[in-house]
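Here come two complexes built around chain A, the first alongside chain B, the second alongside chain C.
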Partner chain A sequence: MISSEEYSENMEEAQETDISILVSDVNNIAIEESEVNKSISENKPLPSSSEQSNSYENLFDQLKGHNKHIFVLSTAGKPIYTRFGNENQLASLFGLMLALMSVTQDSNDTLQSICCGRTRIVFVNKDPIILVGVSQRSEPYDQIKKQLIYVYNNIISTLTLTQLKKIFLNRTNFDLRRLMSGSERLIDKLITFTENDPGFLLDSISCLQMPSNSRDKITQTILTECSKIKNLVFGLLIAQKHIISIVRMKKYSLQVSDIHLILNLINSTESFKTAESWTPICLPTFDSSGYMHAHISYLAEDCQACLVLLTIDHDLFFTLSEAKRKITEKMRRNDCLQAINDAIIRQPLSLARANILGLRHLLYKIKNRSQHWCPPFTLPYNTDTLQQNLMSVYCSLISQMNFPGRNLKVIYQQLTSETIVAWATDEVELYMCFEPMVSKECATNAVTKLTQWMKKEEDSLFIFNIPMF
Partner chain B sequence: MPTEVTVQNLYIFNSGLSKTEEDGANKILFYYPPHEDENKKVLNIGHIEAIICFTRNFNSTESCESLRTDKTLQVLYNPEPDFWMVITVSAACKSKSKSPESPDEPVYCTYNLQEPIYLAVLKHWYQTFQMTVGNMTKIMNDNDPDYLRLMLNKFYNKYLLSVDLSSHTFMDMFQGISFLPLDNVIHLYAQSFLNSIENTFQQVNFTMLLYNDSLVWSGLSKRQTQLVYSYILMWVLPEMVRDENIVKGNSLQQCLPNQLVGRFISNVWAVKTDDWSCDLGKVPVILLNDENDETFKSYRLVIYKAHKSIVCMFIETDYPLTAELYNNLDQFLGTKLHLLSEKMKITVEKALASKLYAERPAKFVYFNSMNLAIKNSIKTSNTIATTNKPSDFNISPESLRVLVDISYQHSCIQPTCSIMIKTSNDNWVAGRLCNSREIYIVLNQKLTKLNDVDTEIQNLCAQELGTIFFYD
Partner chain C sequence: MKKIKTPILAMALDDNISDDVFESIEEAEVNQNTKNLLTTDTNYDKRPSSTGYRDYKLSSATRKPSDPSLKILHKTILLGDSGVGKTSLLVKFDTGKFQTGNFSATVGIGFTNKIISVDDSKVKLQIWDTAGQERFRSVTHAYYRDAHALLLLYDVTNKISFDNIRAWLSEIRDYANEQVVIMLIGNKADCNPSDRMVKREDGERLAKEYSVTFMETSAKSGLNVEIAFMAVARELLFKKTGIEKKGSFNVQDYVKEQTKSNCPACSTT
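Let's turn to the complex of A and B:
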């Protein structure tokens, strides 16, 4: 086993390796895998149940303790990733997953999910890889499925779909872990992100709160520099989990799930803070067939905002490096760096300012912009457990609102510890958490009052201007 | 878009019956459709066994409940150790404009299939089987697997023929009992009448009284009552309507010439029947479990009808059924039951006449899990339908599905809660749960404010359910 330190080192290496090296690596690996997996896939599942479950027992006692498992395997049954435990010890389990998938496929169908009490098991088949998610807390199926898609996207982002397919076309038995060393850590972090971030639940991004004129000035500065560079497609300025500004090439737009991947990459990699980096990255929703090249750097020692410039031209490093220098200089001159720092340090806007009776917390999403606002948690949600409970309440509420074939407009639900309201219009989605004994009249008024209040505040909370060049 | 639900298969198996890989077919106890390819049957069962085995890795305490694929939903029920019942349903969207590329390929919308409905059906069927035939493990141990196969075939083939599973919706989840609303005096009168039967005839262990399709009184426990009630509704009442006209030539009539006011209902469908003389027709044999020691005792179910009422009498199988007993029962019951039934008719009609409210654009279902009472305006009972015309709007399939969601949430998450949902067609669907009482309401009104919806619901509750208290 490789220790976690080595993992991160490997990761950095992998990030900086050119694709050509990766490709040659694939071709150089000799065929040495045994035929074990083939025999698994050929065996129809006729389990002599008692024997099998006995041999599993010890191992799976450990597995039952975790709330959420994610397994990734190839369609040949080779383990690729497991969130907990060691893939090699789980070989028999991977074999069983594959067998279950392939039996369903024989009848021209695709296995989706299994329900067993509070346990939900979800399967996603993305030939040549299979992803399996297990949740022990009766999470909604669609959320688990989305998590699996995120993990899949992360694998694509390091390899591209074209290359992934090519690898398995040449060698069905290929051990993908050889190419993934290092990105396991990114997947771990990504799964944690999907479990805690409202942006994942809402399919939206969160913006750094700042006065709109400051934001415009920053965007304008980036735009002026970027528009001069040929083949530059996207530019993003990021402060931790929040987006400050986005610019884009005409006709192209950046999807939320791709932004989440970029955010995860940046927030999980410490080395970006010390040196500017040049990384190949595939944005699966934008174009899963090829790499883009990302110039990633923090603006300055005294301003911890990260600038990401994405291009399709792999020779553009020095041009982008120069552009970044100019952007930073210009921003320093016109006080943008100061504005960013102020915004980062500033106490985030509190919901208390809206002064709405009985309202404890909310999620506010602007539908057509895919942006949301999640105010800081306040009393009584002052512990991690309580916050997580609230998030899972939101999670089931969001899933209920958007369940296929339902299209609900309002949900009002009194629970034991809170009253929750989901309210969807053509423009916004609102998920509100009230005191448990709030009156219906009060809740209705809160929606109106909040909508009015948000009109005043939204300029600083959301990005309304995403200019093109 | 309307959804077309089809039952792909329904099977019952016991993994313990197959020792080697070759004799996989031995596991099968019942399989529908019967003409399915043998290998396919074994393969399907093998698949489900693998799923069950796989899920044990992650949850060893609860049993596997359902499995979804792109095209189907499979619901599993594990009523006795090693015995599994599985139903597979699929749903295709009936779209008006079919895609030009593949006009024959249906569009699947399995997300419209809901587990709780089918799980409730499987459970109910199993319990009815248990009541009319017995415990599967016991039948297999006392006889052999082939005998169990025969019994299961008799039972499920009959049920599958008479029930349209694809039309099952929200209402089928409760298997509730519709009680006849009576004033205290009549109710006591009915109760004392039933007590006098049990006292006069040693053989009669329990009695049950129905007026039309509503229950008046039952001496059985609530679970037993629920099963017997649904059995009567399914097999006795429809049959009765059918042979009301051919009573004259009935051989039973000839044996018991004195039957003037009332008559015995015989030859009711059951897997196990019993008779003492073929002239008197067969009566069903029913197994009722003793609540205390979990053992089953078998009883003959003798049904007697007069006017609009029926009395069900459970007679222990130790006592013989004789023409003399029939005659005595007939003499004792006939006039009394007829009089009682007429009294009930008067009170019911009086109650209905005084209850002429303004029609509300709303439908409701009330279910009390303490006594399994159900009251609703979706499926109207015969007794009430005669005078009360149902509201003139139909609940959309979407609203029905939302109701299932609400009730499922009730059952597994919250002990007390209240929920209101506005659907895409601007109907409001609401559910409240308190003290084991559940009420579900669909409002066909364009309301925008939560408190207006709430007021509407409160008015409805006050009108229909009077004094029943609901936490707000």
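Let's turn to the complex of A and C:
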């Protein structure tokens, strides 16, 4: 059994300090650290009120009400984003973060994380911006770091890396919030996504379950139109959090983390539903240096699937608009719209159908396709809290399984409220949750039985055909 | 197209280039117009115009009237700071609904087609709803040039959005076609009087200064929403078919008349 403590590959040894002490010392530190103090006072004069410390305490009390924080600041110490509270009021806290970073930098070192009791603070320096995650949820270090990278990618996707670097090269003191305005909401939602979605844990996407022949017909329709258009690179059809279909240009492929950003953008932007939209978007994993242009539209009033067409040509709006019209028309004629609607309203495939004794829930990932299936939660996981607990059980299981430099095939763990099994083959990864008292033998049998059952179901659960044009 | 050295002619040509993307009916007209411009018409009308821009000329004088029963496509752009209610105004006009609840910023540009009947003609408005955020500016600029009408919005409860109007107008002057119809709109006029930060008179004064049409609207209550788009449609239609058909049409008078008769409340505020 591996305890999560093994993950503390921190530069700093776990500190005994309590976070509240650190927090209440904010003002002192800001004053003692001459360098930091300078940068703060340059950027934003601190409020000169005598009730300053009092109001800070209130502020930190509010912050302490949440167990997961994400902060983003520039390397000059300017606040860029905080998940809770207001950046302006947290100027001194941002100053403290910068101080901690620069103290370690002075000794030619890099601060990666700090542990204090149950609190873990993770730092990611992506010059010209710094991201800091504070978690009291006993999440592994890699997990928090990955979340911070996602937030970073989201910033890149709105600005491009080239632009970001250029801005801070010209003006180190730039207030990035000016350019970020309106996208804070996207970051908020993205963080929630990283906390709840198995796709984030598994680096995979979830597909809308539908008969494979319907899916092929849809894909073919999109492909036929898309292949006619020069400079069109990707096409995706999305139903809420699930992918229906993907087509792509020869030699190019979409990475999972980029798809997650697109999904988050679609699912957090209500205005896409009111009008056909056209927006620049940077896909950081695909190409962080430049924008692609996305034509985003829902297929029809009576079919709420969202079609995203990505191109490198900023003049292609009307061409894509026309292509979309044709795709919808053709899909309507072929009953594809109906097939999509049926798939959206259909009860998702339940694990109970597999009829495996003692198996409560699972995550099933096809490795080389980066797709997963997460069946709906059933009893006893009927509340949000219980589901979230299960997700964090999965989270630690997944990071144990994929710990770099180790090649585990099976993990069997008996916890107080469930028995969990991780099972990896060359093709799939399985994370299963059983009744607490299930024996190893029984669990092994379940794996065999499930694998057989999945062979029958996987055609509708996964996308096996991602054609090129 | 031949290169032309004379600055005035070049300017006129410029105009034509921006019209190149127009739909077919107009394109035909414009081409005809091109010939006229190249040969004779370089004199600009000195009268103050409805849009009040430098070098404004009554284009219809040299144009053949179109058949009013034909659909005419017009590009209208909604502009203004983030959060002033551009999308809400459009959604109200398009669907009659007001979306309550959370503000969700528009990403990029949203695109809606709407056909309006003006008397016996149909005007097809292609409405571009833009994101107000600074980072989308460069994207929206690209679409200014093709626009026939611009609805420039501010929020009467947000002084900054009003103060930024001058910057918006100068940006419009830089990027938009000089014949573009501009309408200044103070949105959220249904607000609590104590929340109001921009007086109606201030809006009027600014509109007068730039000789643009002005009105206050509310996407929430529906006040003047229809009229705003109708006025644009009428003005655009008039520009097309105007002189032969109606003799004269003044969008500002039209708006004054409409807002007076339909909304006694706001003419008294």
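The criterion applied here is as follows: the second predicted complex is superposed on the first by the 411 of 469 C-alpha atoms of A that agree within 3 Å, B and C clash if a C-alpha of one lies under 4 Å from a C-alpha of the other, contacts with A are read in each partner's own complex, and residues count from 1 in each chain.
FYI, a contact is a pair of C-beta atoms (placed from the backbone, for glycine too) under 8 Å apart; a residue touches a chain by one contact, two chains touch by 3 or more.
Since we're looking at a predicted model, the values are computed, not measured.
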item	value
Which of chain B and chain C A:Leu179 touches, first, second, both or neither	second
Chain B versus chain C as contact partner of A:Lys230, first or second or both or neither	neither
Contacts of A:Lys251 with chain B and chain C, given as first, second, both or neither	neither
In the superposition, chain B vs chain C on chain A residues touched	B
Touched partner set for A:His314, first chain B, second chain C, both or neither	second
Touching partner for A:Lys455 - first (chain B), second (chain C), both, neither	neither
Touched partner set for A:Thr279, first chain B, second chain C, both or neither	second
Partner chain in contact with A:Leu159 - chain B first, chain C second, else both or neither	second
Chain B versus chain C as contact partner of A:Glu270, first or second or both or neither	second
Shared contact residues on chain A - chain B and chain C	none
Parts of chain A lying in touch with chain C, wherever the complex brings them together	158-159, 178-183, 185, 265, 268-272, 274-280, 294, 296, 314, 317, 321
Complex contact set, residues of chain C against chain A	82, 87, 90-91, 94, 99, 102, 104-112, 129, 131-136, 139, 142
Chain B contact footprint on chain A (complex, rising order)	44-47, 49, 52-53, 56, 60, 63-64, 69, 93, 96-97, 99-100, 103-104, 109-119, 121, 134, 136, 138, 141, 400, 403-416, 421, 439-441, 443-444
Residues of chain B touching chain A in the complex	15, 21, 24, 43, 46-47, 49-72, 109-112, 115, 398, 401-402, 405, 412, 414-424, 426, 449-451, 453-454
